[in-house]
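Next come two complexes, and both contain chain A; in the first it sits with chain B, in the second with chain C.
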Partner chain A sequence: MKSVTVWAGGIVLLVAAWGVTQIPAGQALTESSFVQSVDVGDRAVGRQMAVTVTDVAAAERISDEVGWAADGAWVVVDVSVEAVNTEEGAVLGLATLLIDGDTYRASERPVSLLGKALQVGTPKTGSIAFELPAGMRDGTAVIRFTVSDRDWRLDSVVEFTVDLGSLRWDDERELAPLAGGGV
Partner chain B sequence: MSAWWRSNRRALLALVVVVPLTAGVFLGWEWWKVARYEPTFPTVAEQGRAADFADITFGPATATEVSLLGVTAPEGTKFLWVRVPVDRHGAATGCTLTGLRELGGQGRFWRDESKTVDWDYRRYTACPNDRRSDLFPRGAFQIDVPFIVPDDVEGPLGVELVIPDELPGYVRLVVVP
Partner chain C sequence: MTGPADEPRSPRRARDARWLRAATDRVPTTWIPGILTAVFLGAAAAFGGLEAVAAPPVATLEPGETHVNDMLSITVERAVLIDTLRDAGLYADPEKGERVVAAVVRAENVWDTALPAAAQGKGLSGSIIASNLGGRYPDAVARLDDGNTGPWLQPGVPVELVVGWIIKKDDLTDADELSLEIRDFSLVTGKLVAIGEWWDTPVVVAEMDVPLTDVGAGANQPSQGASR
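Up next, the complex of A and B:
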């Protein structure tokens, strides 16, 4: 092989190696979640959790199956959720509502599906409730469900978009009682 | 060009061996870092057989479809009562029944429901890590746990038991409800 070819090849490889180091992978590429967007009635199957949003509503006051009740600006999402293949570590760990750049965590106050362990092949049905600032009646909200409440990098996230302005505001709504998986 | 290939054939051959070997070593190491703390290598007892593992005799295990008094199974599901005879031969090694695995099909894995259904607290759902010699005067005892599985589950199923010090090894007892 001619020495000119060898040198040229070496230099090309060096430049290529430098070029590779200049490509920033970035968090968005290396850590982003696998997002599945759903509508009411769609079933999203993620890595560990299958979610079906069955209804979404808003209310001035909500109550739960044990008689707890509170006034406020509530968004209530009824869901059916189950573990996909294994019950190890399968919980509905986190539900958030994003609106105008702010993130609201689902309320722990009522009896709801939040934090509940999930079963394989036996869907659990119930509600998730979000308490919003009083007067927040408009805007597009993105509701997300994940298994882990701390780390959803490279994990599946189920996303559901809702227009608050188009929701029907009830005076009072009772959260769907927990039923299904695990009795 | 052919002269270059010929004169470098040993180095090229070495590359063919070394590159996959390096990748294999790194991937294998990453796998092992996780797998050695997980139930990875089962000691299997076929249906109706017992398994000796870490000086303990497990099985033969049974799974029986039952109805529980005062508890209604969710629609489309059934209760399975899993019973595993355990003989520790005088030792007090602790063990845990981690769950029930579908062997074949989708390979689904269920955790036991002894905390969610009304289950007699006096039944053993694990090997108690207790050194009192009079705890089991007759030596052997049995682990009893309930499972809720979909109606379509027929088996064979694997009852999986783990002894923390023995990981990545574990016991799998095959049952057919």
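Up next, the complex of A and C:
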């Protein structure tokens, strides 16, 4: 074979290989979650977990069913959660609240639905509470519910958006007691 | 692969390569390792050779002084010796000659994501080391107000914590001080097969000696007020 043809063929193959690397859509698309946005009352059915947000509120003091109570800037979300097809590994693993680039984790302090195992067909109801810095009363917060507490790439994520400025701040609110499911 | 090396080179190829050979023949190839070694040694010497790298200065803090890094704001306020502190997850057994040394620490997450306070060697637990107890992480970290033994630090929400170690009765008395080292972590962003961000590579940046108060059985301990 003529060496010119060999060189030309090699260069064409190199350019083609470079072209192929340009085609994939990048991590943002290949690893992004399947997000379902809901409002109060909507039911989102994901891969492993179905979530219905029943109420959202803010309070300067919250208490739970075992008598724990604490002051602070609290955002409370009442939810009904159940497993979809299987109870194996079905757990409300993590709820986060994103606002102004900061990620808050659902508080581990009160008795809440955080980390609770879920059942198929029998929804569990209760609350999730977020503790925010004192004085944070404005801004749009996105609350995300996931099954895994560390990796939600390519998994379904339920998102609930709330405008903190539009919430009524109660002096005190009691978290909804855990009910239903296997409780 | 077939062996093109076995085939005789075409005369044309040989002619093409002749100029290359003529050029490279003039380079004294045996000198190259020597030259590279000299360049390497010279560069190493220019950057200080084998001399020890100056360690970053370690600050000395007083109890009540605040240390702030990119992850946390940490203020060690005071420390006590107490027989046991079950409310804070410190199950010292007096029959085995064990006691508890506990520091009251005010901590605030200054990063943008919630951090664990009690996970051993990470977050706040990894930031405070007892240097006169063998450089140990705290055995437990709990909230002072409600005795939660697995607390998370939410961004911008300051928390008072009890940071404690189980010790042998003779390790420390109220004549001693609790020597602490405060460490800074660096933020790492995952690449290739790793995803996310995490804090790694702790470096000691400050040390402090906290005077101890012996409160005996500790009937008047702060965490007594825990509501569960």
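Note that the second predicted complex is superposed on the first by the 164 of 183 C-alpha atoms of A that agree within 3 Å, B and C clash if a C-alpha of one lies under 4 Å from a C-alpha of the other, contacts with A are read in each partner's own complex, and residues count from 1 in each chain.
FYI, contacts are C-beta pairs under 8 Å (C-beta built on N, C-alpha and C of every residue); 3 or more make two chains touch, one makes a residue touch a chain.
Every value quoted in this text rests on a predicted model; they were computed, and no experiment measured them.
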| item | value |
| --- | --- |
| First, second, both or neither for A:L132, with chain B first and chain C second | second |
| Which superposed partner A:A179 touches (first chain B, second chain C, both, neither) | first |
| First, second, both or neither for A:T122, with chain B first and chain C second | first |
| Superposition-derived comparison: chain B or chain C, residues of chain A touched | C |
| Which of chain B and chain C A:E88 touches, first, second, both or neither | first |
| Common interface positions of chain A, toward chain B and toward chain C | none |
| Residue ranges of chain A in contact with chain B within the complex | 1, 85-88, 117, 119-122, 179-183 |
| Residues of chain C defined as touching chain A within the complex | 112-114, 143, 145-146, 148, 150-152, 154-157, 195-196, 227-228 |
| In the complex, chain A residues that touch chain C | 31, 66-70, 72, 96, 101-105, 107-109, 130-134, 136, 150-151, 153 |
| Chain A-facing residues of chain B, complex | 1, 4, 71-77, 98-99, 106-111, 113, 116-117, 148-150, 152-153 |
